[in-house]
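The two complexes that follow have chain A in common; it is paired with chain B in the first and with chain C in the second.
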Partner chain A sequence: MMKFLFMIIFMIPLCFLQKMFWMVQMMMFFLMYLFLMLNVNLNIFSNLSYVMGCDIFSYGLILLSIWICSLMIMSSENLFKMNFYSNFFLLNIIFLLIMLYMTFSVVNLFLFYFFFEGSLIPTLLLIMGWGYQPERIQAGMYLLFYTLFASLPLFMGIFFIFDNMNFFMMYMMKFYNFNLYLLYISMILSFLVKMPMYFIHLWLPKAHVEAPVSGSMILAGIMLKLGGYGLMRILIIFQEINMKLSFIWIVVSLIGGFYVSLMCFCQIDIKSLIAYSSVAHMSIVIGGIMTMNYWGFLGSYILMIGHGLCSSGMFCLANINYERFHSRSLFINKGLINLMPSMSFWWFLLLSSNMSAPPSLNLIGEISLINSLLSWSSLTMIMLMLISFFSAGYSLYLYSYTQHGKFYLGLYSFYMGVSREYLMLMLHWLPLNIIILKIDYSMIWF
Partner chain B sequence: MNYNFNTNKMFFYFILFFSTMISISSNSWLGCWIGLEINLLSFIPLISNVNNLLMTEASLKYFLVQSIASINLLFFILMKMFFLKNFEFNKIYMILLNLPLLMKMGSAPFHFWFPNIMEGLSWLNCFILMTWQKITPMILLSYYFFNNFLIFIMIMNSIIGALGGINQISLRKLMAFSSINNLSWMIASIMISENMWLMYFLIYSLINLLMCMMFFMLNIFYINQMFFSNIKLIIKLTMMFNLLSLGGLPPFLGFFPKWMIINYLIINKFFILTFIFIMMSLIMLFFYIRMTYSSFILNYIKLKWFKIKMKNSFFSLFNIIYIFSMLGLPLSTLLFYF
Partner chain C sequence: MCFITFFFLFMFSMINLIFFVYFFMNDLVIMMEWEVISFNSMSIIMSILLDWMSLLFMMFVSLISSVVVYYSKSYMSSEKNLIRFILLVVMFVLSMMMLIISPNLISILLGWDGLGLVSYCLVIYYQNFKSFNAGMLTALSNRIGDVFILMSIAWFMNYGSWNYIFYLNFMKNDFSMIMISSMIILAAMTKSAQIPFSSWLPAAMAAPTPVSALVHSSTLVTAGVYLLIRFNDLMLNTFFFKILLVLSGLTMFMAGITANYEFDLKKIIALSTLSQLGLMMSILSMGFPKLAFFHLLTHAMFKALLFMCAGVIIHMMMDIQDIRFMGGLSKYVPLTSLCLNISNLSLCGIPFLSGFYSKDMILEMVSMSNLNIMVYFLYYFSTGLTMFYTIRLLFYTMINDFNLISIFNLYDEDYTMLKSMFILLFMSLVSGSLLSWLIFFKPYMIYLPINMKLMVIYVSLIGGLMGFMISNMKIFSFNKFMFFFKLSNFLSLMWFMPNLSTYGLNIYFLNFSKNLLKNMDMGWSEYYSGQGFFNIIKNYSVFYQFYHMNNFKIYLFSFIIWLMMILLLLLMI
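Presenting the complex of A and B:
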């Protein structure tokens, strides 16, 4: 595990050279393929060294984060062309990658918190530094203070647990059970904010609307998954109390998910729509994790990876439109099928994956999550039905509003999609739909 | 090499540092008191400046406050000597002896002089006031530490430091309130152990030194000056990371002492205290970040006619310390090998 960390660290000098933009991106791809070769066992921590190690769960999320980080560089070619602090941008992304890699690979609970928080600063810099409107300051503050407000009690909670267990190791945590309400709330809440659960989701659409494309990609792709990852790791010691209290989170997130997917229909900003749709997806993930059964865990794992790729791809698409129209409004982004027919195809593919159409990871994930939630209570059937119906609905809504109809008449000039963009979209879509051929790695853990 | 040393100042700095040594190494309360008095009398000439009315006023205020505190200290020391036996602990006397010390370091119920005096000082004197001048009262406090009372003081410090800074635009006052807030952490750390305090104090003074030097070299006194001036990006970024470090965000050095203190406070079951500390440090973080909006947002409307020239050119020397202050967390465990 350390060798990959060192590889990322030694990418840092590349950032200080001029014209090394694509080099860094290539190195990240290379790193990703090297990491793919890692010999990983399914449900036990393998490759243990120093404080790092990974099981299938962290393995998938590390792969996802390296993948998304390299695609982030690919998607923000404009920064490189305009030379808008592109070196600093690369440095920031590499720093972010280090933090994410460490978050997913450490087996020490405190270090997990440390890197979990550490990933906040580069994200904040991405949003506040490379964003567009002055409102990005507010969005950044929302992001910072929503997450910090909830995660500082987590910090206290970790030390409380340390005081009782006398160690921080995650793989030994299963021998312990803490039946304390305040501890439970303080440990869970931080991850719920990060996911985000319905009532505490307000920072997410704000941050997405103000963020540059790379910021949106990392937010939707990885940041939300940090919450799910932490929740799965931490729930091991709260099994008993979570049995009592999980209904709160499940009910809030399912009803909230339905409500948020209705709100998707009211959006006129493409990015904001995608952001709300990811809140809706994450609500099912929270439900699945909180049921604490086998289907729920693996379903939320698969859905997290699927949603990471899919929503990040959709943010790329939104940015491709934004670079051409200089607007993200649905009233201006119209009739694109007339202008970019082949880009319309990619819109279709990614949106169909978003509504969990067959060969995508989202489908497997949602089926497993539906299984888990239905086995928890058959009443969730109503909300699950509504959420999956409306998720198809808003995906279709987004597709038909952007692609069909007349194009915007005020449009003065336009250019077609370039091969970099098609490649980028394919790199989002392909893993999303090809992993299903070997899905048993993620489905059979025990 | 024709540095023009101000020998008077050298002399008083020497006495300033020496007097602190006198009082923290003395083994009687009277010796401590003498050290404090010498300290006061050597700091006055350092901060007063005949040409600047504000500085003169600040030195006068400083003299008044400190002399009142030391008179009280002397009085309570003598009272303790007369009425208590050797090594006898009495709650009233503990509070009475703690109060003037708190006043000396500008702690919460007597904190009002602190931002006011800071407002009249130069950045380097601010640094001395925020760090070095706190050593003596803090060490003396640890000799006669009344937990139940001082926990109150810590909570007050933490809240007042955080709330006082919210509406400030003067950087010196902001740093003063931040110092008041940090005082609560420092008292908590000295409650845990003196090594912990040493570590917290060292790291706090390191970050504080860097901030004060930066403000000094750029000649910045108000928040809006950060936006007005064309400061180089790298300098603004180091400033920002330093402030985040001071705020105690994870990947930076400033996180380390807070982590340690929270760890020990939780182990000793001070849950509410820790919670208040943490939530107030969130507010502190809010205004640290507000100070550095200009470096967070990379592009904004700049005024081209303001040129900032760095006062001294030894910035490169500071770079290494800056890097330590930003990324020194992995090295910080070395502090345990003292």
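Presenting the complex of A and C:
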């Protein structure tokens, strides 16, 4: 595990060389394939060394984060062309990758916390440094303080646990059971903010709207999944109390998911719509994790990976439009099928994956989550039906508003999609729909 | 492009025909399974079921689609993105195949969702508002069905597998099976546009006409019927099938009446499709799945032909679909009129055309069954209505005067379209008798009193007469509709279903979402977390800054207060 970390760290000097933008990206792909070859024992923690190790769950998320980070570089070619601090941008992404890699691969609870919060800083720098409007300061503050506010109780909680267990190791946590109410709340809340659950999701649309494309991709792709990862790791020691209290989170997140998917219909900013849609998807993930059954856990895992690829791809598409129209408003991004028919195809594919059409990972994830939630209580069926229906509704709303109809007449000039963009979209879409052929690697854990 | 696609689809259809005959003669069923994953004693399986039913249906679907593709070579010849169109049609056929061959609730999603999505793309193919709205209505109505299938997957989890055909008889009275059957019926009703969901089918006529011929007449809308044919064992003689019987009978009745008010050529045909779907669904819910399947196949043939004729007519009428402008077409375009007439009369069930075999058998089986007068009335009245709007349509388009323009040149020499129509013409002539000889190796015994036997002829004659009379109505007679203004509004607008399922429904959700956005996301959530917290901190810091301005009066005042407090403390000691 350490070797991959060193590989990432030694990519740092590469950022400061001139004209090495694509080299960094290629090295990330290379890292991705090296990591893919890692001999992972699917069932338990393997490759243990010092504080690092991985099981199938962290393995998939590390792969996803390397993949998304390399695609982030690919999507922000404009920074390279304009020479908009592209070296620092690469440095930032590599720092982010180090943080994410460590978050997913450490087995030490405190180090997990450390890197979990540490990944905020590069993200904040991305938003503050490469965002578009002055409002990005406020968005950055929202991002920082929403997550920090809930993370200090987590910090306390981790040390309380250390006080009792006298160690930090995650893989030993299953032998413990903390039936403590306040500890439970303090440990859970930080992850719920990160996910985000309804009521505490406000930072997400704001951060997305102000972030550059790479920031949005990493936010939707990985940052939301940190919360799910943390929940799944932490809930092991709270099994008993979670049985009593899980209904709160499930009810809030399911109803919230329905509300958020309704709110998507009122958005006129493409990015904000996609951000709200990811809140709606994450709400089902929270529900699935909180049911604490096997279907729920693996469904959340698969939906998290699927949603990471899918929403990141959609943010890419939004940015492709933004680079041409210099607007993300749905009133201006219209009739694109006339201008970019091939891009419209990718819009359709990614949006249909977003509404969990087969054979995407989202479908398998959503089926498993529906199974888990329905076996938890059949009353969740109502909300699940509404969420599932409206997810199709807003996806089609976005598709038809951007692609259909007359195009914006104030448009002066326009250029078609370039092969970099098509490659980037394909690299989002292909794993999303191919992994289902060998889904048992990600479904069988125990 | 068109020809290659046509060729492959046609060959596929012929191969399916050969396999159908082979499978049928030897009574073979082949089931192939690919286990995607298996854990917790549950297995998700991609399964393929090949029996005579699926092979025959695939043969019909690929035949119609091949013909439609060939037809669109001429119909869509001035289309810039013809390749996109053909690809969409091929994708559609592919999803239909996936739907037909998979008897597994999870792997059927591949076809079921695919049908909804691809048909959405096909409906919004033209870039105008009408097709935009129609596409959204179509896709969202179909999505309801998808959601119900997703939920029934979750209810199916108890059985450990999603291969539903194994559990249909065995688990009939289980509670979750009851839930499943209700959801499957709802899903099938959305796809087959039964009554609460039927507004999308006439709206989907915004699609290009070849799409209407393929998608909205013979394949997509029959997917629901096909699913229920597969699920038939489960729901036989249950409460749900009784409800379905009433709803589908009402659909038949409603569509028949509405078609008489309609002047749009494609919409009349769409409503007649709706009526026939009601017929299939209702005979299915009475427990005759084979008859429903038989009518499904024959109906697919003549309805696709009918749409293709409509397409030719729309082309030659300078893209006008209103039947009031048409007339006398039998003199100007005899070949197209021939096809139109044969398919129309086959729709009515004129003897020895293909519709006769299926429809007459259905109606006689209805007469044989133990039914109440209401269902009987719905069946026979709708049969009369079919004759009614068909004859009306024939007189409007074929017999009456041509009303569009005074100088015109109608052509009937588009042989690409005509050739493809003749294939279907042949099929709609013979498919009824051929299929009835093939798939009913044991004939139904029908024993009826003479009046009940002749009831079909009575209602058809009355309906035809009414259609003839109404097609010759003059403008002042139309004004008599004003006497029943509200009633005729109700009947002509499909019982207000399009309004109820679009404007009547979405305004509540949109208002709700607006309120949510204003009150929750920009309101209370912000007040209690982001902005509210900020305000509190800001106010306090302003307050303390006010202290720190070293105002002399406040300084003295606080000094005195401190003194008093110290004195009080001293006193307490």
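Note that in this section the second predicted complex is superposed on the first by the 446 of 446 C-alpha atoms of A that agree within 3 Å, B and C clash if a C-alpha of one lies under 4 Å from a C-alpha of the other, contacts with A are read in each partner's own complex, and residues count from 1 in each chain.
As a convention for this text, a residue touches a chain if its C-beta (ideal position, glycine included) is under 8 Å from a C-beta of that chain, and two chains touch if they have at least 3 such contacts.
Just so it is clear, the model here is predicted, and its values are computed rather than measured.
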Chain C versus chain B on the shared chain A, clash or fit after superposition: fit
Partner chain in contact with A:Gly405 - chain B first, chain C second, else both or neither: second
Partner chain(s) touched by A:Glu366 [first = chain B, second = chain C, both, neither]: second
Contacts of A:Tyr142 with chain B and chain C, given as first, second, both or neither: second
Angular separation of chain B and chain C about chain A, which is computed from CA centres of the superposed model and rounded to the nearest 10 °: 150
Touched partner set for A:Ala392, first chain B, second chain C, both or neither: second
Per-residue touch tally on chain A - higher for chain B or for chain C: C
Touched partner set for A:Met99, first chain B, second chain C, both or neither: first
Chain B versus chain C - smallest C-alpha distance in the overlay, whole Å: 6
List of chain A residues in touch with chain C within their complex: 142, 146, 199-200, 202-203, 205, 259, 262-266, 294-295, 335, 337-338, 341, 348, 352, 355, 357-359, 363-364, 366-367, 370-371, 373-375, 381, 384-385, 388-389, 392-393, 396-397, 400, 404-406, 436, 439-440, 443-444
For the chain B and chain A complex, residues of the former touching the latter: 233, 244, 249-251, 255, 262-263, 266-267, 271, 274-275, 278-279, 281-282, 285-286, 289, 293, 296-299
Residues on chain C engaged by chain A in the complex (per definition of touch): 36-40, 44, 81, 84, 106, 109-110, 113-114, 117, 120-121, 124, 127, 129, 132, 135-136, 139-140, 143-144, 146-148, 150-151, 153-155, 157, 509-510, 512-514, 516-517, 520-521, 525-526, 529-530
Residues of chain A that touch chain B when the two form their complex: 84-85, 88, 99, 113-115, 117-118, 120-121, 124-125, 128-131, 134, 136-137, 140-141, 144-145, 148-149, 152-153, 155-156, 159-160, 162-163
